[in-house]
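Below are structures written as structure tokens.
The same chain A turns up in both complexes below, where it pairs with chain B and then with chain C.
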Partner chain A sequence: MKRAFGWIVLLLLSACLLSLFLGEYRMAPAMVVRAIFSHSAPRADRFITTSVRIPRILIGVLTGFSFGVSGVMLQSLLRNPLADPGLLGVNDGAGLLVTLFLVYFPAASGWLLPAVAFAGAMLAIAALLALTSKFAFQPLSVLLNGIALSLGFYSLTKIVKTVGDWQRVQSAIDWLQGNLTGVSWPQLQILLPWFIPGLAAALVTAKLLDIHELSDDSAIGLGARLGRERVVVLSIVAVLSGSAISVTGPVYFVGFLSGNLAQRLVIGSKRETILLAGFIGATMVVLADLLARLLIAPRELRLFFLINLVGAPALAWLLISQNRIAKLAAARARAHGGK
Partner chain B sequence: MTFPHLAAIDLALAYNSEHPVVEGLNLVIQPGTITALVGPNGCGKSTLLRGFARILKPRSGSVELSGEPLETMDTLAVARKLGILPQRPVAPEGVTVRQLVLLGRYPHQNWWQTSGTEDVHIADAAMRNAEVLEFADRLVVSLSGGQQQRAWIAMILAQQSSVLLLDEPITFLDMAHQLEVLDLLRKLNAEAGITIVLVLHDLNLAARYAGKMILMKDGRIAATGSPEEVMTKDLLLGVFSVRCHILQDPVTNRPFCIPIDIALPD
Partner chain C sequence: MSRQPWPFLICAGCAVLLAAIFALCFGALHVSVSTVVHALFLPGGNLDEVAIRSLRVPRVILAAIVGAALAGSGALLQGITRNPLGSPDLFGLLSGTECGVVVVLYVFGSHSELIATLAGIAGGALALVLVFAIAQLSRQSHSVVAVAIAGFSVGILVDGITGILIKWRETQYESLNRWAEGSIGGRDPEITRAIVPVVLLALAVGMFCARQLNVVNLGDEVAIGLGLRTRRLRLITFGAVLALTACSVTAAGPIAFIGLIAPHVARAFTGPDYRFVIPGAALVGSAALILADLCSRTILAGVFDELPIAALTSAIGAPALLFILRRQIRTS
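Up next is the complex of A and B:
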């Protein structure tokens, strides 16, 4: 487990370093060091390093971390390895509200964007809870309702884009791309006040997840207050994923992939799993962003195309194996005739 | 150790808006005994246990622990006195026996605390008691049914509660594993004086292990008392509509029933 942490952190650091050197404008390590520390370095070097690449890498780390942590939290809370903010409608809920905000209140400050995305994420989560609590969070019911919600929010977003003023819509479309093009220090400043308390709260509430993951009955037996604690955990997810989405635009699969990977690598407490998933998520986003910048340079790919390329088949594989488990459970329940 | 006693007072329990499954039920669980809840399918015995465990909130009436209604007590304080093993518990895939057992320490910890050395010692003792210490670092899902059940019992032992509620703890186990789990419960009862309430399907095993049997039918108590008082031809005929011979178990001298046939309604 310690080894897994070591490797992931090493991988993340290498990805960050590579992202500093590589790109359309390639820089040798010595140039990068000089650009950071010396005022005599060429202005272009200084600009690209300190105003473009470093903030972009840091934002990649923070947003990836947020998605990874959110993924594990949702997967444990819903006892569902398929859970991911993107697959449960959180992305599209945030997307709808951010689009409305950008189209109808374009003069308002960018600082409000994470708050708006958070509200959208909360809206999606509240709707999901209302739709699925009756079915005791059965994995398939949660997923299907999440997909339905996603499509609903997505369609509403489309309508807003169709009827809204086209210039303002264009800024919403840029945001909805799901990438890190053009981000810099201001976005990092917007992100931090959400990220730091969100992560701290996630680590503190991690032990709740250990209990909730068992079953409703066992959790109650150990003294869990299911309703209240679910709202707390889901709010933290909304803080982390909402604020990350407000910078990156809708991102799918990062939480799903890093959550599942971390759960398989860590045999330990949820706190460790959450941290590891954060590092994995950060690594994925930084790497994907690097590839997105490199592959068709000078143009940029949407970074989340690349993540989806990995995420989609992984989800399909998990659905197939889940389906097998569900069938076995159903057969067992039939054989024993319930209570 | 003081022995909190569990009581149902005019208790009604229901799922959602349905007609109550259990109604007007009054019952006191004798501290320090093994009590078996028995009865036909759908008689409300699991529902009653879920009511005792505060998993199901009373429609009316109340469940009291040492005279205090559960609903007004802090749920963590209840968890320190009352341990619950639900029907067919499922451990998450990547959880080892030791981790599972340490979760039993949750009601004793603050909201920010993680397991300290004292918790580890208590968990070790619980695993030794439940005879799963040798599997401590194996994944729960990799164990046999009986071993898994013992791991769960170790978890509720780590809770250090003096009342254990178990919902059909042996239903899906083979004969050897059934005895293994029930012997463990009997040992805990005899050595530590832990009060045990369990739902059982097998009348003969219930009569063999329980000091007291509660026979239920249609959400009400049909009979309660020692196995000798409850395992009678007339009561079993009335509750199950099955004619039985009642013999004496040659191993334990407890009553033992052999069904003859289903009594057709006149």
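Up next is the complex of A and C:
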């Protein structure tokens, strides 16, 4: 357990350092260090490191962390290893409202964006629950319903982008590309007031998830108030993934991948799983962003295409090993029962 | 609902004609029906008539043929896999075809539509094989939802590759972007001329298989017991499906959901007999795409750009998919 944490944090740190040192604008490592710590460094170097690379890395870490944490929370709340805020339509719901907001209220301040994204995420979650609650949350059906929802939101977003005023749409497109191009300190300031309380709340409520993961009956027997606690957990998911979306635009699979990895690496308390998934998600986003910057430099790829290249085969593999999923769930239940 | 295939087919045919007349009359410039008739049947004429003949007629024909191709491909897929979610988009076929076309046209820089279409067929076939391999390996090839998820994941994977390729060759970005979003505006009339015979031929092949598809839908054992060569039937049907999808993608880019929904609409009226479902679906698809194209041209007349038709079809299609899923889960 401890070892898994150690490795992941090490990986995250090295990914961050790599992103700091590598890029289209070439600088020797010593120059980078000098640009950060000394005022006598060339202005261009200072600008590239302190106003472009460092905030971008930090935002990558925070958004990846948010996606990872919300992935784990959704997976254990719905008892569905296939859950992911992106695949279940949460991202595109948030994206739709953010696009509407950017196109029709361009004067409003950027500080409102995470709130708008949060509302969109809640909207999507409510729609998904309404659609699937009757059928006892069958994993595959929930996923397919989520995919349909996210397609619907996505196409509505596209329509808004076509109908809206051209210049405002351009700003929305710049904002919601599904990558981290052009983010800097202001976005970080917008993100932080949502990220910190969201993460704290996630860690506090982690215990609830340990119980929810069992089954409805046992959870009720252990004194869980299912309805109320579900709403709380889902709101936390909406806070974290919504605020992350409002900076990156729709990104899929990060929560799905890091949640499943973390669940496999840790058989322990939910709090540890959540933290580990956060670190894995952060590593993934930082690494993917680095690749997106480097592969076809000077142009930038959209980061979520790269993540999709990993996520889609993983989804297929999970589908193939569905029997193993059932076994995994059983093993997890045993582990909890034995504690 | 009472099943009356022939009246439905006739009504659907009339709907296609009506939609076509509407689409010819309205647009950036509104003209009367008589002008349209003049333009269609008399040579020469004034500026309006020439504009209609050279701009709107090819476009309406393209919409009709792409709609028929997508819907026919969906109907055949649903028939051969017995999966109500069968459709070029949910099975990853649309993405695979698109990727094949993108590779040939924009990575190798070929200008031949024929080679593009062939590459599209190859890409689509590869995607289909992958999807069914995944479904088979998961031992759930008969699970309606599992196959769709397999198709989704293959589609996402291939879309990622396509996206990277498109971004990599950014020089032709504008025209490519327009095509890749699924749009039938501003296409070369030559393409229409090229795909019409192929689509009609593939639909005819599909009709030829319809009776056997009916038998397949009684179950594999029944089909084999009745002496049906299921493997050969599968090959022929999938061949027709691939040809239909490739034609539509080369001509108009990936247009989602017509292939899923048109067969369901048709089946609601004709009953399960594929001899009627296939032509019914093709007619419904044609009418739907003509109308969708009309909407995308008129709602935004005067705005700098048109709405990509695929955005419109998926905005309508996503709720319909949810509806089909609900019904599917309820019956199973």
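Worth a mention:
By our rule, the second predicted complex is superposed on the first by the 322 of 339 C-alpha atoms of A that agree within 3 Å, B and C clash if a C-alpha of one lies under 4 Å from a C-alpha of the other, contacts with A are read in each partner's own complex, and residues count from 1 in each chain.
Basically, a residue touches a chain if its C-beta (ideal position, glycine included) is under 8 Å from a C-beta of that chain, and two chains touch if they have at least 3 such contacts.
Nothing here was measured: the structure is a model prediction, and the numbers come from that model.
In the model built by aligning both structures on chain A, chain B fits alongside chain C without clashing.
Look at A:218: by the touch rule set out above, it reaches chain B but stays clear of chain C.
Contacts of A:10 after superposition: neither chain B nor chain C is touched. Of the two partner chains placed around the shared chain by superposition, neither chain B nor chain C is touched by A:196. Once both structures are fitted onto chain A, a short way to say it is that chain B and chain C open up an angle of 100° at chain A, using Cα centres and rounding to the nearest 10. Touch criterion not met for A:44: it reaches neither chain B nor chain C. In the superposed model, A:204 lies in contact with chain B only, and not with chain C.
More residues of chain A lie in touch with C than with the remaining chain of the pair chain B and chain C.
Shared-chain residue A:266: touches chain B; no touch with chain C. Here's the short version: in the overlay, chain B gets within 16 Å of chain C at its closest Cα pair.
No residue of chain A contacts both chain B in one complex and chain C in the other.
Every residue of chain A that touches chain C in the complex is listed here, in rising order: 82, 131, 135, 138, 140-141, 143-145, 147-149, 151-152, 154-156, 158-159, 162-163, 166, 252, 295-296, 299, 301-302, 305-306, 308-309, 311-313, 315-316, 319-323.
Chain A contributes residues 76, 79, 204, 207, 210-211, 213-218, 220-225, 263-264, 266-269, 271, 336-337, 339 to its touches with chain B in the complex. Those residues of chain B that touch chain A in the shared complex are 41-42, 46, 50, 53-55, 75-76, 78-80, 82-87, 89-96, 99, 103-104, 106-107, 109, 111-112, 114, 139, 156, 159, 171-172. Contact residues on chain C toward chain A in their complex (touch as defined above): 134, 137-140, 143, 145-146, 148-150, 152-154, 156-157, 159-161, 163-164, 167-168, 170, 181, 256, 299-300, 303-308, 310-312, 314-315, 317-319, 321-322, 325-326, 329.
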